[in-house]
Amino acid sequence: MYTHTITPRMGDCDGLRHINNTKIPEYFEQARNPVFRLFSPDLDFEHFDLIMAHLEVDFLHAMVWGLEVEVRTFITHVGNSSFTVSQQAWQDGRLCARGHVVIVHYSHAEGHSKPLTPEQRNWLQQHFVPREEFDQ
Amino acid sequence: MYTHTITPRMGDCDGLRHINNTKIPEYFEQARNPVFRLFSPDLDFEHFDLIMAHLEVDFLHAMVWGLEVEVRTFITHVGNSSFTVSQQAWQDGRLCARGHVVIVHYSHAEGHSKPLTPEQRNWLQQHFVPREEFDQ
Amino acid sequence: MYTHTITPRMGDCDGLRHINNTKIPEYFEQARNPVFRLFSPDLDFEHFDLIMAHLEVDFLHAMVWGLEVEVRTFITHVGNSSFTVSQQAWQDGRLCARGHVVIVHYSHAEGHSKPLTPEQRNWLQQHFVPREEFDQ
Amino acid sequence: MYTHTITPRMGDCDGLRHINNTKIPEYFEQARNPVFRLFSPDLDFEHFDLIMAHLEVDFLHAMVWGLEVEVRTFITHVGNSSFTVSQQAWQDGRLCARGHVVIVHYSHAEGHSKPLTPEQRNWLQQHFVPREEFDQ
């Protein structure tokens, strides 16, 4: 697990005066930069052999503009060529949103998935928690 | 079911030159305006008694900037106080993404969910398809 | 001049319940697709020899979620290698925002600007209005 | 002057593999939170008596995903009821974008501008630099 702090923007709120739900996938994407660096150390799109397969978010409590959001990022599944990143958004000491993305190690040039390397699996394992533990 | 057409923006693409995954929830939100009008005919936030509980998207094929996206919107569940909107994004005759949101009829003033009215249930039922049918 | 219609999204509004100012450059970008197609007919980033030099917007009236936005796009300057796109956002028969972008014909491979071709100048001239006329 | 650091998101880049121009106004908005707190200490939309009149950005160098962006925020004009916030985006020690917004102290309830208070003017003055100095 690692944490990343996000400062909400005025325009992240919608007319209900809470962070709009479409912003949470963006916050989680920002907090995944360290995962992406595992595949492309300089975040260089030339060597970005990943593809997104699935995204989901549960909205537990509304978030507001005026307080920072702490995103906690975990790995909850490591497969042969894909893995699951599970993330929590906390504000003011409260868990406000929880999400998962399934990402596939994928050759854009060749058009098919490819196995995770031992180094990649090792890094992902260091951030692993079982899904039941994450969901608590 | 109803359809809504979206024109992608240059900035919707990321460095992989496909529509970034975080944009799909925005496209689907735009295409939900007719659902939202059922609760707030003028899309007036004063009378917007809805809250988002869950969002998920499956990414099936990458979408590009240069072709319009057709979003098809269905209702796949109508509960007592909540319902599920299921949506497909098509580009160039191909199903590219599929998603679901669970929305709760909710009094922001009183802080609790409230039953759907008969009129609301009736409209939602008119757009209903069973989940199995949607998933095909 | 040509027009393009945009359907606002719930999340385009901020907590003041008007379209957030940062969304207007996105609306204008969407409405510039026909200009971009002049340089890259399929909106293909491989052949996108343009670079943005300047962007400005005047906000005249607040826009709301529930009404479509009509964007009117004009060319107000054609230089040797650059041109100015001037755009208006109308809602409910009222001019709500006005903006300009300066775009440079630019070789990303060679790192310098390049002259507009006669065909490009011709298309741009067809959409030309003098700046004084646009500003009225 | 004060500084604020922004971590770019994958989706902030467009197909040219640089931060899309429409993102810079969002970065600058995020970095204006301390200015907004002068008017609404908790960033509460109920007491947000500001309206945006003008926005402009000059794009000097392309920015990339993999490096943090430092935004430096200055006040370059303080009028009776309005003021100008001028901002710079730096990446890798280089000035990449420069922008200005004109913001008006405005009663949304009464529909007209209102004078800045002495306390507000005092805070703004503390961050003031002359425009010539900013432009260098």
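The first chain written gets the first letter, and so on, giving A, B, C and D; residue counts start at 1 in each chain.
Just so it is clear, a residue touches a chain if its C-beta (ideal position, glycine included) is under 8 Å from a C-beta of that chain, and two chains touch if they have at least 3 such contacts.
Source: prediction; values computed, not measured.
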### Query
For chain C, which other chain has the most distant CA centre?
A
## Note on the structure
Two candidates, B-D and A-D; the one with more touching C-beta pairs is A-D
### Task
Quick one: report the Å distance separating chain B from chain D, using the average Cα coordinate of each chain.
33
### Message
Quick check: how many Å separate the C-alpha centres of chain A and chain B?
### Response
22
### Task
Could you grab the centroid distance between chain A and chain D? Build each centroid from C-alpha atoms only and quote it in angstrom.
28
### Task
Send over the residues of chain D in touch with two or more other chains.
9-11, 13-15, 17, 21-22, 26, 29, 45, 65
### Query
Touching chain A in the complex: which residues of chain B?
14-16, 21-22, 24-26, 29, 45, 48, 51-59, 62, 108
### Interfacial residue positions of chain A with respect to chain C in the complex
9-11, 13-15, 17, 20-23, 65
### Query
If you look only at chain D, which of its residues touch chain A in the complex?
4, 7-11, 13, 17, 26, 29-30, 32-33, 36, 42-45, 64-66
